[in-house]
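For reference, chains read A, B, C and D in written order, and residue numbers begin at 1 within each chain.
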Amino acid sequence: MVPLYWYMLLSAAVFCIGVYGFLARRNVILMFISIELMLNAVNINLVAISHYMEDLAGQILSFFVITVAAAEAAIGLAIIIALFRNKETVHVDEMKEMQG
Amino acid sequence: MITLPVFFFLYHALVIVGLSLVTVSRRNPVHSVLFMLIIFFHIASLYLFLNAEFIAAIQIIVYAGAILVLFLFVVFLLDLRAEEHADKYSMSQPAGAVLALSLFAVLASTMRGFVLGPHGIYGIEKITEMTHTKAIGTVLYTKYLFPFEVASVVLLVAIVGAITLAKRHTKS
Amino acid sequence: MSAYLLIPFLPLFAFFVNILFGRNFIKGQAHWIAVPAVTVSCLVSWVIALKMFMSHDPQIINEDLYTWISSGGFRASVGFLIDQLTAVMLIVVTTVSMLVHIYSIGYMHGEKGYYRFFSFLSLFTFSMLMLVMANNILQLYFGWEAVGLCSYFLIGYYYEKKSASDAGKKAFIVNRFGDFGFGLGIIMIFLTLGTVHYAEVFGSIGTLTGQGIVVLGFQMDVITLIALLLFCGAVGKSAQLPLHVWLPDAMEGPTPVSALIHAATMVTAGVFMVARFSPIFNLSPVAMAVVAVTGAFTAIFAGSIALVQRDIKRIIAYSTCSQLGYMFLACGVGAYGAGIFHLYTHAFFKALLFLGAGSVMHAMGGELDIFKMGGLKKKLPYTYWTFLIATLSISGFPLLAGFISKDEILFLAFASGTTVGKFVWVVGVITAVLTAFYSFRVFYLTFHGEFRSDIEEMKKHAVEHGHDPHHLLHEAPWTMRIPLLLLAFGAVTAGWIGIPAALGGHNKFAHFMEPVVGHPEVHAGHATEYILMALAIAIFIGGLLFARHMYITNRDLADKMAKKFSFAHYLLWNKYFIDELYHFTIIRPTMWVSKSFIVGFSDGKIIEGIVNGVPRAIGQISGFIRHVQNGLVHRYATVMGFAFLAIVAIAFIWR
Amino acid sequence: MTELGTNVLGYPILSLVIFLPVAGAVMLLFINRSNAFLIKLMALIVSIATFIISLPLFFRFNMNTYGMQFVESRAWIPAWNVNYALGVDGISVLFVLLSTLITILCVLISWEAITNKLKEFYIAILLVEAAMIGVFCSMDFFLFYIFWEAMLIPMFLIIGVWGGPNRVYAAIKFFLFTLVGSLLMLVGIVVLYTYSGGSFSILELDALTYPYNMQMILFWAFFASFSVKVPMFPVHTWLPDAHSEAPAAGSVLLAAILIKMGAYGFLRFSIPLFPDAAVAMTPVMLTLSVIAIIYGGIVCFAQTDLKRLIAYSSVSHMGFVTLGIFALNTQGLEGGILQMVNHGIITGALFLAVGAIYERTHSREISDYGGLATVTPVFAAFFMIFTLASIGLPSMNGFVGEFLIILGGFAASKIMGVLAATGVIIGAAYMLWLYQRIFFMDEGPKAAGLTDLNGREIAALLPLLVLVFWIGLYPNAFLGFMRVSVQHLIEQVDLAKATALAASMK
C-alpha cells in the first residue's frame, strides 16, 4: 500500500514547481500553465486524501477546482488575447501600468 | 520492498515531477503545453489508482480535452516568434527557486505529521457497490447542490467575460 | 418723555437725516438740518441750566430710559443724570457746538463732504451730550468712545491725505490706550461695588476705604487703583502726559473741528470725568497727587513746546494741552469746581482762538505757518479784535474769563496747604508766564509786523488747488464772524459768574457746583489772594512785553535765542521726541514681533513647520514605499510568497 | 424621553429646518444646468423659506427654562440605542437662527460671484446649512457626530472647487486639521458610550458623573476637536488659509457658523460633562485664549492679504470667546455666547463686504486698494460700521460681548483680564490701519472706476447692520435667551468647584 504521505509529497513537489514556474517565467502563458500545475497538485492531494478518508467531499472539491480552473483559463486567456492585442507582448514585466 | 502499487506510483510520480520541470522550463509554449498533456494523462491515471474514475474522466475531458486545447489555440493565435529570442526568465527567477524549495521543505516537514480525520462512509466497498459516478452524483446533487449551482453561474460569467474581453472592439 | 431728552436726541436725529440723505439729496443744504437741531438743543440746555442756577434747591434729574446690558449681577442702563456739573457741561457743549455749526456753514462752504461734515458734527454733539448726561459709568464710556469715534472721523475728514488719516487713526488708538485703563476701572468698580450707577457707586465707595488688593504682585489700595485706572482714561482723552501725542496731530482736521472737539468739549471730558468721580478721587490722596502732578507737568511741558512751534493750530493745540493740565491740576488739589470753571471759560476763549485761526487760514488759503503771516490786522479787523480778546483772556488780562478761572486755580492750589499743592502752584505760575508769552507770540506774528508771503504766489497756489482766490486776505463771511463775536463776548464775560469774594463777587459758580464736587480746603486769606493776583497780572504784563520785544521791536532776538539755546530749541522743536520714543518702543517692536517673530518664526516656522512637516514626512515615506508598488506581478507574487513563508515560520516558532 | 418637555408648536420644526435645505438641494439636482437664474432663485427661495420656518424658534422660545425645547425624538438604530433626537436650548437656539440667516446672505453674495458649476455650489451651500443646524440641534452624540463630519464635505468642496488660486492646499489643510481633531472626539464619544452602558443621549450622559481621570482624558479628547474648530492658539493656522482661499460665501459660513461650533462644543459637552476637568484646566484655557487674543491680533499687522487679516482677527476674537467661556462665571459665559453671535455677524459681514469687492477686482492685496471712500462711499460706510463693531465700539454688538467677557475674565483671573483688554487696543490698531489702507489716502491701482454696492449686496449686508445695532443697543433681547441656560451651567460648574475645593482642603 502506498502511504498517503507519498501522495502529499508528490503534490507538494508539483505545487512547488508550479510556484517556481509562476515566478520564474516572463511569458504570461507559461505563468498560466504553472497555475494549472498548481491546481493539479491540489487536486492530487484532494483526491488522495478523499480516498484515504473514505469520504467523497475531497473529490467533490476537486471537481469544483476543475470547474474554476476552466473558468479561470477561459477568462485568463481572454485577458491575454486582449493584452496582446494592445501591447504586442506576452511578457508580464512589460505590463506595469497598474503601479501606484 | 517494491510492490506493484508502489512501483506504479513511483513511475507516475517520477513522470509527473520530471515533466513538470520540463514544462516550466521550455522556451516554446507549444512544447510546454504538450508536455502538460502528458502530465495530465498521468494524473488521470493516478486518479484511477485512487478509485476516482469520475474525476479521472473529468481530468481528461476537461483538462486535456478543453483547457489545454484552449491553451494551444491561444498560443497559435498569438504571434510568438519574438519569444524565440527573448529572455526566458524573469528577474524573480532566483527568488522563485528559493521560494519553491523552501516551500517544499516546509510542506514536506509539516505533512509528515499529518493525521487523517475520522473515516467517512464511502469506503471502497461502498463505491464499488454503487459505482463511483453514482456515489459522486448522490453527494453532489444533494449535499453540494448549492455550490454546484454557484459553480454553473461562475462558468456562465466566465463565458460571458471571456467573450467580452476577447472581443475586438469595433469603433462605430 | 421729558424735554431734556431733546438735548441729545435732536442732534442724533440731524445726524441720521444728514448721513442717510445727505449724499444724494441734501448735499450743500445740510446745515439747514444740523443747525436748527443743535440750536434747539442749546436752548433747552440753557433753560434747564438757568432754572437750576436760579433755584436754591435745584431739582436733579436722574432717570433710567431702559436697561442696556444686564448679565448676572451686572446691570447698566441708558439713563440721564442732570445735576449742576452736567448743567454746566450742557451749556458748554451745546453753545460751542451751535456756534461751531454756524461757523462751519461759512468755513466748510463748497466742500465735497459738506453733508458728511455736518452729520459727524451732529453725531459728535450727541455723543458728547450722552457722555455728560450719563447716569452710569458704562454710558459714560459709551459717550467716551463715541466722541473718540467722531473725533476720528472728523480728524480724518480729508481722508485722501495720508497725514490726516494717520492722525485720526493715531488719535483713536492712543485714546484706546487710555480707555484700556478706564475699562478696567469700570470693571474694578463693578467687581468691588456690584454696580456701575453713579448714585450707588458714590453711596457705597466709602465702604472700600482701607481695603487692599493684590494686582500683578503689588499690594494696592483698592480706591487708589480704581481712581488711577479711571484717570488713565482721562489722560488719554484729555491729552495729558504721556498720552498727549495725538492732540497736535489732530489738527489735521478742519479748524471748526479743532475748536469744538479738540479745544472746547471732547478733550475736557477727562476733566469732567475726574470731577464726576470726585467722591472716588477724594478718598485717595495718592490718586489726587498723581492727578495734580500729571496736570502740572503737562501744563509746563506742552506750554514749553508751544514756545517754538510755527504752525498756528499746533501752537493752540499745545496750549490746549497746557490749559487742560491746569484743569487737572485744580482737580488734583481738590478744587474740582475751579477745574470745571476753567473748563467752562476755556471753552470760550480756546474755541475763539481756533475759530480765529480758522478765519486766518481762510484768508491765507490754508497756510498754517505763522512766520509766513503778519500784518493781517488791517485785512481782517473782526478776526483781529476777537483774536486779541481771546489772547488777552488766555494770558490772564484782569477780569477777563481766563484770568478769573486761572487765578482761582492757582490760588486754590497755593492755599490747599499741601506740599503737592505748593509744588504745582510753582509749576502753574511758570506755565502762566509761558502761556502769556506764546499766546502773544502767535498774536504778534500773525497780525502785526509786515506781511511775509507773496500774495501772487498764494493766488496761483489757490487756483491750482481749485479754490477761489477771492477769499485771500479778505474777512470771512458773516456766518463765520457772528460766532467769533459771540465767543468773544463769552471770553470776556464768562468768568463773571465766578468772581471771587476777594474781588467783591460771590463766586456763585463755586457755590453752584458745591453739591456735586464739594469745596476745597482753603488755608489762606484774602491778603494772600491779592498778592497772588498781583503776581498773575505781573506775569501777564511780563509775557506780553517779552513777546512784543522779541517779535515786534527786536526781530533778531528770536533767532539769537534759538542759536544760544540751540539744544533746548532743538528739543522743544522736536517736541521732546515723544513721538519718536513711542515709535521706537511700541510701534517698531510690535511690527517686528508681528512680521519677523510671528509670521516669520512661530507661525511660519514652528506651527506651519509641524503642520506641513508631518504631511510632508508622510508623503516622503509613502513616496519611498510607493516604489514597492511597481506593477510587476512577479514582484508582488514573490513578496506574497515570502510573506506566506514568514507567516508559516512565525507559526512554527509560536507553536 | 418625554420628560424633556414637549414641543409647543405641535410640528417638528427642527427637522423641518434641517431637512428643508436638504430637500432644496435635491430639488436643485433636477433643474437644468443651463438655467442659472432658476438655480439661484431656487436656492434663495429655499434659504429664505428655511429662515422663515426657523423664526418660531425666536418668538416661541421659552426663556424661563434651561431644558431642551422643540424636542423631537425617534429611535433610529435601536440595536445601538441611537436616537434621532433634536432639541435646542438657550445656548444653541441663537446659532440655529444665525445659520438660517447667514445662508440667505451667502446665497445673495454668491449671486454673480460664482459662475462655474453653480448648481453644485448652491447644493453644497444648502447641505452645509443643514449640517450646521443639525450640529446645533442634535441631542444624540451619534447624530451630532454625523452632522459634525457631514458638514466637512460640502465645506471642503466649497473651498476646494470654488476657491482662490491656492484652494486645494487650503481645502486639504482645513479638512485634515478638523478631521484629526474630530477623530479624537469620536474616541471620546465611544468611551462615553461604553462607560454609560450604551447611551448616546447627550442629556443622559450629562446627568452622569465621571471619575476625575476619565474626565481629564475625555476633556482633552474633546478639546482636540473643538480647539481646532474654534480655532485656539496652536492649531489656528488652517483658518487663514481656508478663509483667504474660500469664496466669499465659504468664508462667511466658516467665520459666522463653522468656527462657532468649537466654542459651542465646549459649552455643550466639555463643561457640562466634565466640569471637574474644566475647572482644573481653567488656567490653561485662559492662557491659551489670551495668547490667541494677543497673538492673533499682533499677527494682523504683518498681513498684506485682506481676507487673511480678517481671518487672523477671527483668531483674536475667538480668543475672547473662549476666554469668556472658560472664565466660568455668568458674565463671561453670557458674554462668550453673545460674542459668538456677534463675531458671526461682524466677521460674516466683513467677509461679505470683502467678497463684494473681490468680485469686482479679484484682488485680495491690501496695497491694491486705497481711496475707496471716495469711489465707493456706501461700501465704505458699511465697512466702517462693521469695522467699528469689530473693535468693540459701545452701542454696537462687539462691545457688549467683549465688555462682558473682559469683566468675566477679570473676575476669573486679573492678569488674564488685563491682558485680554490689551487685545482691544491691538484690535483697534489693526482694523483702523486696514481701513485706512483700503478706504483712505490716495486711490490704489485697483480702486479706480469701481462701482459701489448694488441693491443685492446692500440687501445682504443690511440685516447684519441691523443686528449690529440691535444687539449693541438692546442686548437683553438676546442675553435673555441664554440667561437660564447659563445659570444652569454655572450651577454645574460651581458644584465642581466646590468638590475641587473640598478635595484641596483634605
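By our rule, contacts are C-beta pairs under 8 Å (C-beta built on N, C-alpha and C of every residue); 3 or more make two chains touch, one makes a residue touch a chain.
Small disclaimer: the values here were computed from a predicted structure and weren't measured.
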Distance-maximising chain from chain D - centres being C-alpha averages: B
A-C against A-B, pair bridged by the larger set of C-beta contacts: A-B
Closest chain to global C-alpha mean, per-chain Cα centroids: D
Centre distance in Å when chain A and chain C are each reduced to the mean of their C-alpha atoms: 95
Cα-centroid distance, chain A relative to chain B, in whole angstrom: 7
Centre-to-centre distance between chain C and chain B (centres being mean Cα positions), rounded to whole Å: 102
Whole-Å separation of chain centres (CA-atom averages), chain B against chain D: 68
Chain A residues counted as touching two or more neighbouring chains: 19, 22-23, 26, 92-93
Residues of chain D touching at least two other chains: none
Contacts with two or more other chains, residues of chain C listed in rising order: 632, 634, 637-638, 641
Pairs of chains in contact (touch as defined earlier), listed by label: A-B, A-C, B-C, C-D
Residues on chain A engaged by chain C in the complex (per definition of touch): 19, 22-23, 26, 31, 92-93, 95-100
For the chain C and chain D complex, residues of the former touching the latter: 19, 23, 66-74, 138, 141-142, 145-146, 149, 152, 156, 159-162, 164-166, 168-169, 172-173, 176-177, 179-180, 183-184, 187-188, 190-191, 215-216, 590-591, 593-595, 598-599, 602-603, 607-608, 611, 615
Residues of chain C touching chain B in the complex: 632, 634-635, 637-638, 641-642, 645, 648
Chain D residues within the chain C interface of the complex: 173, 176-177, 234-238, 295, 298-302, 329-331, 334-335, 371, 373-374, 377, 381, 388, 393-395, 399-400, 403-404, 406-407, 410-411, 414-415, 417-418, 421-422, 424-425, 428-429, 432-433, 436, 439-442, 473-476, 479
Parts of chain B lying in touch with chain C, wherever the complex brings them together: 90-92, 95-96, 99, 102-103, 106
